[in-house]
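Which chain is which? They are A, B and C, in the order written, and residues in each are numbered from 1.
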Amino acid sequence: MIRNTRMKRISIVSAVAVAGAMVLSTLPAQAADPGLTSTEIKLGLSSPQTGLAAASYGKLPKAMKAYFDYINANGGVYGRKIKLVARDDRYLPQQAATQTTKLVLEDEVFALVGALGTATHTKAYAAAQLAKKNVPDLFVNSGFSKFGDKTKYPTTFMILPSYAMEAKIISKFIADTPTLRPQASFLIAQDDEFGEDGVKGFVLGGHKFTAPATLYPQGGLSSALAEGALTSLGKLPGNPVLVLMGTTDTTATILKAAEKLDLTTKFNWIVGSVGGDATTLKALGVKSTTIDGIKAASFFPDAKDTTDEYVKQFMIINTKYNKGVAFDNVVLQGMNSAMLTVQALRAAGKNLTRTGLIKAIEDKGSTFASAGLTSLNYSATSRVGYNGYWFGQLNAQGELKPYGGTRKIYTTDSTTVDVPVPLPDTYKRKPIPKNGIPTN
Amino acid sequence: MLRFITAILTSLSAGAIYALMSTALVLVWRSTRVINFAQAGQAVLTTYIGYEITIRTGSYWYGLMAAILSGALIGAMIDRFFLRPIFKRVKSGPIVMIAPVVATLGLLGIIQAIIGFIWGLNYQALAAPVSTDGYKILGTVIAFSPFNLMVLLSVTITMVLLTVLFQKTNIGLALRASAYSPEIAKLSGIKVDAVRTLGWAIAGAAGGLAGMLYVPDSYLHPNSMDVLLVFGFIAAVIGGLDSLFGAVAGAMILGFAINFAATYISYKIVFPTAFVILILVLLVKPGGIFSSSKGRKD
Amino acid sequence: MHKISANRKRLLTFILLGWALLLIGDRVGEFRQYQGSFVAMYALAIASIILLTGYSGQLSLGHSALMAVGAYAGALSINNLHLHPVIALIIAALVAGIFGLILGIAAARLSGPYLAGTTLALAISLPTIANQFTILGGEQGVAFDIGTPPARYGEDFSQYKWFFWISSLAALIMIWMVANLMHSKFGRVFIALRDNQTAAQLAGINVGRQKAVAFGLSAGVAGLAGGLLVMLISGVSPSAFPLSLSFSLLTGAVVTGVYDLKGVMLGGLVLVAIPEIADSVGSRVGGSDGFTIALPGFLVSALLILAVLFLPNGPGKLLKKKM
């Protein structure tokens, strides 16, 4: 029993204090998001650095890193430097699953950027529990329209227009071009996302091919088989339209088969945006004379178009921070995504959280500056990035120039049966921030 | 009709390359009783060497010679410095059966890794020395080019040379004797070890030739000949592992079956077709279609 | 003195091991739980190789294909037949086992390199069949969702711990069953097959049938491992079962002793550890991209060759000799 009132008060206060301390110590501390320190933001990327698709996409990690290095040298994002952890998944779904899980569990990245491929990323998204862990999945490099479905992929933001959009716009182009419309047309596509999304898009766009699509398994189209296919098609009258939707190495195989059979001018070639990088095609042995005249769709300015302010700026960054790597469409794409990422991080404010980042893109993403030629369509209800294409023709130097002289951009969506509409003349792409350093 | 002719021609070209691989496998089998899974790796490595020489000298032919010579050298070294120690150490227990297989598998992995270290893992293109544009027959261009003809001729000449070597020369006799019965061969004064190394050298050279003939129509990368290994093996088994003629015949049969199936049915059916043929032959005539001996004696 | 039978001892060992794993699983973070699940899965797959090669003397390079069969069977039974995940795993083992039995009957007449080469062809061609039938999902594959941990374990019971529990339990039970089998009359028959086929035949053993049975059993174990693998990567696709998986399993088996089941866990650890080691070596040493990416394959192959050269009978025998 405590006699002294003062002592009583002290003991009560101290008892309360001790009890309070005990209670507080058992409360879980406010868990900060992983991948963040006061000086660093860790981002993760799973993409093919080796193997089949590396011919097309091998340059992606270095390109993104180069841009991030540039930003780090110029103050970073509110003082934090960006560190990119890039893992190789060889374009294999199972590898992507394990690598992405490692990025989340072992490397403990704050967010994922630029994940590549459909089969790869759909697997990886599930395996790495991205939804449950609320890991932002920014600007995936895939045109698979379902990535825009918020209920299935709650933390994902697309950037590329979907393959369905691309197919619809190609349909419109064929219908609008007098030399192409009456010809027989065929689709040769990879037996996964390209095939399915593309086939679906052509149906939506109202284009009927002369025969069902030829689908080949990834990596399963040898030169002998390509020669066989082209030989049969070569017997048809006129100049059939051949649409190729696959990775660059298979596109190259088909084109080289055409060279062997002297059929390069027989067909009207249309290559998808993925397989149409002229620089890579040439490196794989396709002749310049073959490339000359191939038609392709794009939503970027051509990587060789030095009159474009974004291309110019990215080229400067590339020369300084990505030494020895030639600037091409993949590098352009990578740096563009990196610039969008930086703007997203800035928009989320100094108090960076995963939820905050996702909300920032929903709220402000449509105002970000980027090299793409259509608007960015992010909102509270839409996870779609670019939504359109312009049509062009490659020349012998591998430059994509607008078909018919002036560049006309068409926009559409992935689900409705309708005709793509041209972008209004009043639409102006947002100018690049000074020196390519966002200040939003 | 054109489709049919194209299928025949592409089958001939493909079969020729498989024949080189199956011959190399049969050579090693006959002299060592080992299935050399590293064959694909050796072939790719020597093709990379050929590729480097081609780039530096500007001539495919120098590259080809380099590939063949280095193939022979590497093959010989593998026998002398890798397999011989393994056979010496592993003498008892069931591991004897597994050891050579596992060892050549390990070697395959190491060779592919070394290629990755030195040349990276990107895809390279190697230009053919002669035109790859198809011949024009009666106004139509067919899927058979001067390069395809060169492949066929090279393989045919190689086969003829090898057959002459084996059947008509003393060295060939020594090779056959050492493979068939090493003890008796030794008693007759044949340096069995040296002869076996020679067998490996020839096989390695054949692999190098196969690679240089295969790659211009495809791409060069560390795994580019894995498929050839499987098809080469299947061809060798179909034809009978003990017969050089069988190796070639088996390769042609396989080439035709695969290409016709792919042309007339579907591209996806290539591997299953090869596997089905293998199983059929093993069930019906396990020794191989052209072998004279019954059964597969180890 | 009351002597505990070997079987009892074995059961006790496995129960203790299970208990230890349970405790470990509670103490480590999610990433280690994830890795642990892979160790258990690989250990099981290696056990299937030991069963076939170490005990019955047949060499198979196609176990990646057998795992694939089990995996697809399991995935389809969850997706299309809507069965409970545990049943799916059992189905995985059964379907793969039956497939292996049929294969074993065909392969019983083959030996040595012929068997090796045939299984090699199987390993390469089987995954491509997924592209033939749409029900198998092609390259995209079929999803496999083992479901979330039961609510009664609480909010903090991570998915990865759940994986770890399931993998370890399945592996423990299966390996225990196999170990019992191998120490029974069954196992002695297999060993007879391995060591001297002719003598076994003279002793009245139906060589062909027993070889097929061994194949079937091994395939069943592999099928279960395949089911576990796709649980861990949340879906099955052809690329999950490349030829290199067969090679890795063989390496694991040889390195830890192809004659003895005791080393399987070690083998599993080795297979999981090698890519990690290669990763850290690669990032420390630097070098070109080609170097870092080719390094794991190099280490696995080098390990395999060293094991064959210096430890052909596995480290177990080596230790026994020293004692």
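Definition applied: a contact is a pair of C-beta atoms (placed from the backbone, for glycine too) under 8 Å apart; a residue touches a chain by one contact, two chains touch by 3 or more.
These numbers were taken from a predicted model, which means no experiment stands behind them.
Counting steps between touching chains, the shortest path from chain A to chain B takes 1.
Across the assembly, the mean Cα position most removed from that of chain C is the one of A. The interface with the largest number of contacting C-beta pairs joins chains B-C. Averaged C-alpha coordinates give centres for chain A and chain B that are 42 Å from one another. Chain A and chain C have Cα centroids lying 37 Å from one another.
Each chain gets a centre from the mean of its Cα atoms; for chain B and chain C, those two points are 32 Å apart.
The set of chain A residues that touch two or more partner chains comprises 50, 191, 217, 220.
Residue positions of chain C touching 2 or more other chains, listed in rising order: 128, 131, 289-290, 293. In chain B, the residues touching two or more other chains are 116, 121, 268, 270. Chain A makes touch with chain C in their complex at residues 49-50, 88, 92-95, 97-98, 101-102, 105-106, 118-119, 122-123, 126-127, 129, 132, 191-193, 217-218, 220.
Chain A meets chain B in the complex at residues 50-51, 54-55, 58, 191, 216-217, 220-225, 227-228, 231-232, 234-235, 249, 256-257, 259-263, 283-285.
Those residues of chain C lying in contact with chain B across their complex are 53-54, 57, 59, 61, 106, 109-114, 116-118, 120-122, 124-126, 128-129, 131-132, 194-195, 243, 247, 250-251, 254, 258-259, 287-291, 293-295, 297-298, 300-302, 304-305, 308-310, 312-313.
Only residues 2-3, 6-7, 10, 13-14, 116, 121-123, 125, 127, 132-134, 136, 141-143, 145, 217-219, 259, 262-263, 267-268, 270 of chain B touch chain A when the two sit together in their complex. By the touch rule above, chain B contacts chain C in their complex via residues 29, 34-35, 37, 85-86, 89-90, 93-95, 97-99, 101-103, 105-110, 112-121, 222, 226-227, 230, 233-234, 237, 241, 268-272, 274-275, 278-279, 282-283, 286, 296, 298.
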